[in-house]
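Okay, so here's the structure we're looking at.
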């Protein structure tokens, strides 16, 4: 199977720009998703029904429908309405990057909220009791004990979520963005070399995945050191 | 249950999934998302000028037509891996494509044109479109033209999997213009309620290097057998009036060109 | 309300369900093989299993689908030619979709199964060999039935992800729900209506699946007390 790699080499800038865009999408979506996830998780574990059920409904819907459908609804669906096009949000919603980041952030927010809620619920009782015994107010309890502890314990599962988000960013190519997958599709359409185009994209994603896995191993070593198995 | 029997049954099922290509049939790739040349009716059936011409040609050649629907940018790769034997989907004959495939004689010839908001002035696309966003269909000749001629002049080219998606974004204002076939734009967009307020503007885009020779049927390089019978069939249906019959169903004007 | 495209979308929904079930069947098979490979004492089998799961989980589904769709057909043809088989072998798009999704999710499932196998108390397998069972007998009669209970949560998760990933198959032209909705949206210029409909259908599908699988989990956990909290 003769693979023509010379053309890929010539078109490397296309892929490199794609990598930059993928990173941009990844970082923005994850950051916004996390900002959304923390209050959402707190709502999920709240004792008041009024907070709990809307949060549950949101995560249920976001996790029960495909990412592609959510993306299409935001990108093509919203643009269908005249009211949206005239609104003050339009300069943002007309940008494909904004729409993609919005869709990804809403989605990862829901998944991360579920993970965080699980960690919050499984906080060791002793930590909460100690905080109360020290006279911490509810707010201080959340701020200094519950959230940091839960965030740390979510780290292993969150690393999976980050890797999944890296793969989800490839959907951005379906709404005209030229990320790594978009670069591969443009290349494949221009030179009729789909094999080379997509194998290159796959290898790039693999390399990025490995990098992220290593990064998370380092993070776990730093923040979850107290949970690591004893080294004699 | 008998293990070997189970394995044998599984193997048989797997084999039935792989069917042999029938020599008496012709597998033709069509996009079915490019009105009025090829599209789907609400019932889900394929229809359009390309479809009817293809059926007429097959009737003339006395072979069975097997239509394979797929995305436009996958047509030539599918042709090369022998998934299909011909592409009859408004594919323009260009020097670039001739490097990868062979083409039959043309079966119609229409130029490309820009679609923008009605009332827009477009004298010279290379100057007036600078800094604007132009949508094209990925892997089409308009994509090739835009990439090689317009991108260097500072025009931002946005690529879509289908022309319909480009029209959607033109309506919502994400694009300033699209470049596509004049008939496809007219019939599937300008004339529809969604296309109100938009018009075909600017000069006909007819650069021979990209569009000059019309649309033809693509076959694998070196597939002289299919090429010969397709060309003979095209000549035949033009001579015996079938072509004109199909044409009049869709267009009140002559689409064959010179 | 749906401009006459309702029945076409329901047809697509039927195909989506078929695709998901067939792909899951293939994925379970590949998952079991993959898990067995990874847990095998034979070095090269373990490495093969690890490469399979790492590569498939490290590349986006969309890229894999496009790669397998274009490359797979080419591969089958070259193989056939190499074996002296002149005739062209056509792989219909449904089979291509099933194989692709099954291949991808086989990797995810093999990780789930591997975790489940590792969670079975060692004593079970030891008792099996003490009784004189061969390795294969221990695997099929002792490990697999117990593994099912432990694998169900992970399996549920994978099933849900699979059903949602079938939306991506529309990219290679398979006429599932998503493809039909895109057609309808293009023709009527009303994307919101149709994508909302498809979203509701997917939600229905995932909800029903959750109910069914939760029930299955209850049934398989008969006799086991829930984790003491």
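Read from first to last, the chains carry the letters A, B and C; within each, the first residue is number 1.
Please note the rule applied: contacts are C-beta pairs under 8 Å (C-beta built on N, C-alpha and C of every residue); 3 or more make two chains touch, one makes a residue touch a chain.
Since we're looking at a predicted model, the values are computed, not measured.
Taken pairwise by the contact criterion, the protein chains are fully connected, each one touching every other. Taking B-C and A-B together, the pair of chains sharing more C-beta contacts is B-C. Inter-chain spacing, taken between the CA centroids of chain A and chain C, is 22 Å.
Chain A and chain B have Cα centroids lying 37 Å from one another. In chain B, the residues that touch at least two other chains are 74, 77, 161, 165, 168, 171. Touching of two or more other chains is recorded for residues 76, 79-80, 174, 185, 188, 194 of chain A. Multi-chain contact residues of chain C, defined as those touching 2 or more other chains: 70, 74, 171, 185, 189, 191. Those residues of chain B whose C-beta lies close enough to touch chain A in the complex are 73-74, 76-77, 80, 100, 138-139, 143-144, 147, 158-161, 165, 168-169, 171-174. For chain C in complex with chain A, the residues that touch the partner chain are 54-55, 57-64, 66-67, 70-71, 74, 78, 160, 164-168, 171, 178, 185, 189-192, 195-196, 198-199, 202-203, 206-207. Interface of chain A with chain B (complex): residues 76, 79-80, 85, 90, 94, 96, 174, 176, 185-186, 188-190, 192, 194. Listing the residues of chain A that touch chain C in their complex gives 1, 61, 63-70, 72-73, 76-81, 163, 166-171, 173-174, 181, 184-185, 188, 194-195, 198-199, 201-202, 205-206, 209-210. Residues 17-21, 27, 33, 39-40, 42-44, 69-71, 74, 77-78, 81-83, 161-162, 164-165, 167-168, 171, 192-194 of chain B are the ones touching chain C in the complex.
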